[in-house]
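Heads up, the next two complexes both have subunit A, just with different partners, subunit B and then subunit C.
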Partner chain A sequence: MVLGKYKTVVSARSTDKEILEKSQDGGIVTQLFVFALENGYIDGAIVTGIGDRPWKPRPYIATTKEEILAARGTKYNISPNISWIKEATRSFGLDKVGIVGTPCQMQAIRKGQLYPIGLREVPDKIALAIGIFCMENFPYKSIQQLVEDHAGQKMQAVKKMEIGKGKFWVYTERGNVVSLPLKITHKYEQPGCHVCLDYVANLGDISTGSVGSPDGWSTVFIRTKKGEEIWNRAIAAGCFETTPIDQVKPGLELVTKLANEKITKNKKYIEERASYGVNKGLRNPYI
Partner chain B sequence: MSKVVEISPTTRHEGHSKLVLKINDAGIVERGDWLSITPVRGVEKLAIGKTMEQVPKIASRVCGICPIAHTLAATEAMEASIGCEIPKDAHLLRVILQCANRLHSIALHNILILPDFYIPGTDKKINPFTKEEPVRSVAKRIQRLREIGQTIGEIAGGEAVHPSNPRVGGMYRNVTERAKWKMYDLAKEGLVLAHEQMEFMIAVLRNFQKRDWTEVGGKQIPIPKDLGYHNQGYMATHPVYGTSSLDEDPTWKPERWLETRPWDWYMGEVTIDFEDPTYPIGGTTKAGTKAWPQMEACTGVPTYDGQPVEVGPRARLVLFKNYDEKGTIGQHIARQMEYPDCLYSIIKCLDELNPSAKVLADKIPQGDGSFGWAANEAPRGTDVHLARVKDGRVQWFEMLVPTTWNFPTCSRALTGAPWQLAELVVRAYDPCVSCATHMIVVNEENRIVAQKLIQ
Partner chain C sequence: MAPEPPKREEPPKKEAVAAPSAAAPSEMKRETKAETTKKEEKSVTNKITVGHVHMSGCTGCLVSLADNYGGLLKILDDYADLVYGLTLADVRHIPEMDVALVEGSVCIQDHESVEDIKTTRKKAKIVVALGACACYGNITRFARGGQHNQPQHESFVPIGDLIDVDVYIPACAPTPQMIRNVCVAAYLLLRGTEDQKTLAAKFLKPLMNAAKRGTTACFCDLMYEVINQGLCMGCGSCAAACPVRAITHEWGKPQGQRDLCIKCGACYNQCPRSWYSFDVMNEFEGILELIDGAMK
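Showing the complex of A and B:
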């Protein structure tokens, strides 16, 4: 069950040129939110834009296509999207909220729906939760150090960041391309991520990520009834072109491999933590 | 020869209170004492030394029925003390929040009082939880009205129960255009329902007024025509919202207010010598038990111009709209008449509200310890909070809440009613007892000490 429960899995990309222009891979999240917004599945979505510093994420509530498009692309940083979930249903007046987040944020959403402490009248308003694949996350300072010190590029000049093919890639507006081996990035990871046993956002309605699909495409898991309904409608509306996952390289094999790697590595770390400190150790968060 | 009967606890209202009644041979109340026996909250003491931002949030926690009134009164008391004027749109949001709270509170009170009344034309009392029509659709309407009130409150105030959005200096955030229209739609839907509900309630109440008797504990009790009448006068500060010491012409005067001890007001120790085991919910207290209202009462007795006064919907209507019906039914009808008012006020404020305007004052002074107060017209009456803030910290804080005013007034209104109807009179005040508690009376080495928690 390393890939969680899912109804279908495909390789897909958006058919919208404008979305693909600046999207990380297949533009799945942006396209899905735009479709859901235009067809009344959601009133708005909590997405991640750029904050007060270059590449520093800032979650915000998007209620138009333009606002959703402004959030295209991955920011390899912590973005507290869930912090807006209550406000979205309050002063923003949304009845159907879309939200995108990492596997841990999907867990938070589902936990909040199950035990809505501090989330009065929120659970039934979460209309579409899209999870993204995540190996680990970085604090802003870490990304700054990786880009500016290790890669030697200015944060302002960066056009895109990417983790793929075992490397951390930095592309600048003027065409510089720097790749750092992941061995370097490991020590900059957020330590909290090392207890996470979820790689492919098992609790999203739909989860997506680049791994498993060719460049410019994304692997998409459709997990829930709600996710399936929106996905099928979006396909029927011609929002996506899809290829069966068994016809693409490297396919599910790689996703499974990486998921297994993450889970095995982190399980080991959880065991290790138990011996930390003097006579107490750190708690296993899953028991 | 008068006898004493005690109904403890009283039911179908918020909080914990009891009635000690001296009755004559015919069972008519000669002197009634209605007192709070809810344990002391101590919020006023807790507030001392806290920041002025914290205190309204703490004050809100005194109760879950009108926390919005407490939040707004406390916030505005802080603003009055530091001398901070809030932007117009922040005020509009607060009025919307206020009306939303009142709407849901009236609807909730409907559920609580309906079992006292009859389906018109029958001798059948209303059970709001029955599946039978016409009661079912009324119950649904009440729930929808509450939902509308709470949703509007959530949008304008961040939370329907303990609002997070109001803060000293205005509001944390304005609503979006979309949220504004959502509130507007809800208010328009609510307006239709509120009119229907008001008319239904008034029909039920008028029907009760025409009856000669009502059934309590299996007996037919005659209904006096002057049930709940008193001559205590009224106090209200505004038809909808409130006033504060920042206003040019405040409608409440702190110098006219005097707080006395329950010791000076209520009955001394009495022995209960009348009991009725058939009285609903387990009968009245057993004969032979002792009651000591002046020691047991957990409230202060505030007076205005030396007399207890009535606060609440009827007081607002009497003082601002020339309403003149007295008694228990008059009070109920006044409350129903506030239904559409809440929604008209919400709609009016929404028309004026600018979603892109700022809602926080540019400058929030930290206070120099001067005295400030704010009165807020809570669903059940005038809620006055008084404060002194210095350098951002609260030095002194007092809450003068609606039901505190109503306790002694209602006690007087009990005179002349059959004792079985005393609870009916009490419920007409929509009592919310828990916040009305801030006095403790202790017996220390045989010396009776009335110790105010405040000061």
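Showing the complex of A and C:
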């Protein structure tokens, strides 16, 4: 299950210039939500905007194209998107909810559908769950420390952050580009990420990320029937340009390599946890 | 792969029709009515038998079961025969049954309740703790007695403190969809094909583990077993699951107002890092379709 179940995988990018202007890569998530909203597949989507500090995520429920566009781009720190899932169906009255999240959040969504312990009415209302590739996440203060202390930039001056080509990149509005080797970022990672065994959001309806595709494009896995239907309609409506994944560099080979690296490393850590103390270990959540 | 609906076209028993016609040959129309009733009874044979046992609870769990609306009728038509339930089934004593859904905690000063829960254990093949009071005590943990007209009824324990429990359906109230999923799984476990039995067993396992784990769960368990154990990744499930909005996220991590916590265990059990089964979750699409199909 390194790459999870999927029906098709392609390299793609949005055909909407406005979306691409501020999207992280190919604008896949934004474009899909806009298409799904405008065509009645969803009534709204839980997305990640900016909160009360620069680059601090704030999950919110977007019910218009403008609100979806306002959430473009990746914020490399924790955004509890699932916290809105019940409110979306109740306070907001949405019958068809879209949600974007990391692989662990896709796991949370599916657990919530199969075991809706505290999620009344939620299970039947998840219309489109889009997962994003994720190696690890960071607490807000980690990002602040990386940007301000290591990269020497003001948080509010940052235009874009990115992890790619083995580095953490910071781009500022005024054109500074600073890159940090991942060796530096590792110790700032969120510890909870180190038991995660999913790199490419195996449980999304659709999952996407930059890895495997050229700059400005995204690799897209179409995984479920729901995902496939919406994706095919979006393609037919001209929302995306696509290239077969075997015709792009570095392609699936890199995705598989990184997924294997993550899973192998984290499996080893889970084993280490089992004998963390003296005849005592730490919990393993997987049964 | 929807489960095969039970056969409903079996002919009615002839004696039943014959008896009244012999007694009152003139009333032929009534006999036709009796035939229809018999048909329904016949289809019961393939159903599992379920009872709702009411301990000290608010009936919210039962209301949640009813909140499946059409789905409840489907369950009662095709999968489960309700053989016991205050107000719902005209049966005085707890009968033999496949599944007992127990709502509420047990007042240990109320001997009738204590006898009832013990009888339930003896008479039911599977005992399900339905809802947070039965699983974890929930709001009845805060009971101190002194109320009319039984002021001495002051101590309440989750049913797991008195009997072995097989399956937990936590939360206050448990959701209609969770009850539905467990009902379908229980039916498939007892009456399904071999494949369905295997799948249903996998599905129910975490809920059986929850029953073995113990009779306490609240926001503190989320702290002890997830956050303190370095497992939390800030997904937000706990805050969404909390019925009293006691959980927010500060800097991406759960912050619980413990005075608001009613000890229902929803946050702990909803958390993908409290327990998580790849066997089940990787099959989510198929299982959701199976449940959908079963409810059609």
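Of note:
By our rule, the second predicted complex is superposed on the first by the 286 of 287 C-alpha atoms of A that agree within 3 Å, B and C clash if a C-alpha of one lies under 4 Å from a C-alpha of the other, contacts with A are read in each partner's own complex, and residues count from 1 in each chain.
As a working rule, contacts are C-beta pairs under 8 Å (C-beta built on N, C-alpha and C of every residue); 3 or more make two chains touch, one makes a residue touch a chain.
Everything numeric here is computed off the predicted structure, so don't read it as measured data.
In the superposed pair of complexes, A:287 makes contact with subunit C only, with no contact to subunit B. In the superposed model, A:43 lies in contact with subunit B only, and not with subunit C. Of the two partner chains, subunit C is the only one that A:224 touches; subunit B does not reach it.
When the shared chain is aligned, subunit C comes close enough to touch A:111, but subunit B does not.
Of the two partners subunit B and subunit C, it is C that touches the larger number of subunit A residues.
Of the two partner chains placed by superposition, only subunit C is touched by A:193; subunit B is not. By the touch criterion defined above, A:169 reaches neither subunit B nor subunit C.
Of the two partner chains placed by the overlay, only subunit B lies in contact with A:63; subunit C stays clear of it.
Of the two partner chains placed by superposition, only subunit B is touched by A:92; subunit C is not. In the superposition on the C-alpha atoms of chain A, the part of subunit A touched by subunit B in one complex and by subunit C in the other spans residues 87, 120-121.
Only residues 169-171, 173-178, 181, 203, 205-207, 209, 225-226, 229-243, 249, 251-253, 264, 266-267, 269-270, 272-278, 280-282, 284-285, 287-288 of subunit C touch subunit A when the two sit together in their complex.
Residue ranges of subunit A in contact with subunit C, taken from their complex: 1, 4-5, 57, 59, 77-87, 101-102, 104-105, 107-108, 110-124, 137, 139-141, 190-197, 202-203, 224-225, 282-283, 285-287. On subunit A, the positions that touch subunit B within their shared complex are 43, 63, 87, 89-95, 120-121. Within the complex, the subunit B residues that touch subunit A are 151, 154-156, 158-161, 165, 173-176, 178-183.
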